[in-house]
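Consider the two complexes below, in which chain A is the common component and chain B and chain C are the respective partners.
Presenting the complex of A and B:
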């Protein structure tokens, strides 16, 4: 492929990358919020609700992400859920991520020693205060590495959105490849690009991990 | 929602589930061979081999599987290798899985106490015998539960090979969806099959873990 051709496609590639970032950011945020809510609700141990939440987690962790996407995008209209490809992709990414984040937060909560919570109660902290000052910082410190790892995995999962025609980077590259008959070159460039992206995100991730852990440890002491 | 759509296509889905399991199993088996080689490279005393192994793991864990799959698919086409799509599908799954399996095996090797290799050397075992009789049997035992877990992940990842036209669960669900105009039922059906496969594997993993915990005490 000539450079001229590449420049012709540069705007669509750039917009594709924008959509990738958008889907990742919104989907991850949705997943984090939903996953945290599920983990909190599971702590209340209400019998029927607990079973439902466990079933939700098992369903979304036990089936392929691609099938979940098809179910939402193609199957959604049957139950009145009509979404654009991008909206369906973001919702799918969020639901998929929430199942994993729910388990990560649950493990985080489990890592807080029971003695700390008892100690907080014995010095007269209210349950709300204990949650905010003791349980939550402890749980988050334990969960941060797994959260960062999951965020990196989600970066890779955004590629799958191209299959339900979300106009993200992979989709734009495949369009370009089809129009210029340069499938191999385009995919090769794509592989290199994603590898560099994931390497960069991983490096950034471990830095963020150190910072966030230090911040939380400081908050817990303050 | 019409559950009878799922019942009508039960036969197709069962057959497709067989393909999914077969493709994933081939992927994990070939991946194990490549993964073992990568693992040996990663723990080798030669720095360049160690670096090569690390690079392999970094690339194949860093690049999304769909990109790897299309890369292998187009690579074979570009160099005129007229092979069926299934070769690209299994090849991509194996290459990708090898990176994860290499790390699992390396972790398991690290978990074998160092002294055992040294004792074997002191007793006059040859290098190959130390691997064959001391390190590998123990590393394999330790790595069985994570390898079964990797198999579950690969079953899910194999849904992506539907893109190159393999008639596995996801592809067949798509076909049922377009033929019956009932996408919801088709994908719920496909999803349930994935769930059933993975629950069986998870059960197998739990059994293996219990057995191995018992055997580890010797």
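Presenting the complex of A and C:
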């Protein structure tokens, strides 16, 4: 592929990169919010609700992301859910992510030692303040490494959105490859883009991780 | 005569089929320091945790300064669990120190002490910080106010935990094996703080394996075995004159282990 050809496709590649970031950012945020809500609701331990939430998690963790996307995009209209490819992609990514984030947050809550909650009870703190000031910060700190990991996985999962014609990076690269018969160059260009993105995400992630866990370092000094 | 600060009458508690407290009677008067000793699994910690109802007892009466904790009498012979709000109000007056300190790891030493003052006593943040600083000074840790718990030694963490409980200005303090998780060389600093508290007249109920502390600081020793208090009296009497074979055996084992 000549440089001229590449420049010809550069705008669409850049726009694809933009769409990828958009889908990732919005989808992940949706997944985090929804996952957190699910984890909180599960703590209430209301029997029928709990069963539903568990079924939701099992469903989205137990089926391939690709299948879920097809069901939302192609099957959505039959239940009145008519979405653009991008909207369906973002919704799909968000739902898929929420199932994992729900479990990550649940594990985070479980990681807060009972003693810390007892200490709050022993000074007469309300359940609300205990949650806000003790349980929640502890759970979030414990969950940070798993959250960062999941965000990285989601970056790569955005590739799947190309299959329902979301004009993200993978989709643009495939178009370029098909039109120029230069699969290798195109895929190589794509690899560079994803690598840049994931590098950025994981650097940001490890910075956050270092920050929040700095004061939890286990080696106490005498 | 005023009611004892802590009074247990026929308090019983089971975990499933396992009865851990059997009709326990115990009274702790104002400004008394009572040490609970006994073999592990005897029910000492459970008894202590029943006093602020962290562990609900099943039957009997447990009164703090004359007031039943955990339950409300509805009619003669029937009771129901106390309203959560009332229980919280009672717990504010009862300081508790745990074996594993249970500091909140995401807060500095100062914030650990100030947090309950702000959320429970509703002090303004400035006021809470000032009082917290005064408490840290009292346990000798003013210099560590900005340190997170993970940067403190076990002894320092436990002193912060004591400051946190004291800042609430409780009427009595409960200590659940406060030095058991500490390296031997760090035990002294915690016991010093507890001694000074006792000297100031704080009412204290202490579960401990520190026989030296019990012998020198306690007004009374209660020896508990298989959920029953089988000896209760001044340290000298319990340690040297108890006719109970279980007590003698326990103290003998303790002495054997500590002689070298």
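FYI, the second predicted complex is superposed on the first by the 204 of 222 C-alpha atoms of A that agree within 3 Å, B and C clash if a C-alpha of one lies under 4 Å from a C-alpha of the other, contacts with A are read in each partner's own complex, and residues count from 1 in each chain.
One rule holds in what follows: a residue touches a chain if its C-beta (ideal position, glycine included) is under 8 Å from a C-beta of that chain, and two chains touch if they have at least 3 such contacts.
Because the structure is predicted, anything quoted here is derived from the model rather than measured.
S.K.: Could you let me know whether more residues of chain A are touched by chain B or by chain C?
M.R.: Of chain B and chain C, B contacts more residues of chain A.
S.K.: With both complexes superposed on chain A, which partner does A:79 reach: first (chain B), second (chain C), both or neither?
M.R.: Touch status of A:79: first partner only.
S.K.: Could you tell me if A:107 is touching chain B, chain C, both of them or neither one (first, second, both, neither)?
M.R.: Neither partner.
S.K.: Could you look at A:63 and tell me whether it touches chain B, chain C, both or neither (first, second, both, neither)?
M.R.: Touch partner of A:63: chain B, not chain C.
S.K.: A:71 contacts which: chain B (first), chain C (second), both, neither?
M.R.: Only chain B is touched by A:71; chain C is not.
S.K.: Contacts for A:87 in the overlay, against chain B (first) and chain C (second): which applies, first, second, both or neither?
M.R.: So A:87 meets neither chain B nor chain C here.
S.K.: For A:131, select first, second, both or neither according to whether it touches chain B, chain C, the two together, or no partner.
M.R.: neither
S.K.: Classify the contacts of A:146 with the two partner chains as first (chain B alone), second (chain C alone), both, or neither.
M.R.: Touch status of A:146: no partner.
S.K.: Touch test for A:41: chain B only (first), chain C only (second), both, or neither?
M.R.: So A:41 meets neither chain B nor chain C here.
S.K.: Going by the contact rule at the top, pick out the chain C residues touching chain A in the complex.
M.R.: Against chain A, chain C makes touches at 52, 54, 84, 88-92, 94-96, 98, 100, 102-106, 115-116, 119-120, 148-154, 157, 161, 164-165, 168, 186.
S.K.: Within the complex, which stretch of chain B touches chain A?
M.R.: 1, 58-59, 61-68, 70-71, 74-75, 77-78, 156-160, 162-163, 169-170, 173-174, 177, 182-188, 190-191, 194-195, 198-199
S.K.: With touch defined as at the start, can you tell me which chain A residues reach chain B in the complex?
M.R.: That would be residues 58-59, 62-68, 70-71, 74-76, 78-79, 156-157, 159-160, 162-163, 170, 174, 183-184, 187-188, 190-191, 194-195, 198-199, 202 of chain A.
S.K.: Help me check something: in the complex, which residues belonging to chain A touch chain C?
M.R.: Going through chain A, the ones touching chain C are 113, 115-116, 118-127, 129, 133-134, 137-138, 141, 215-222.
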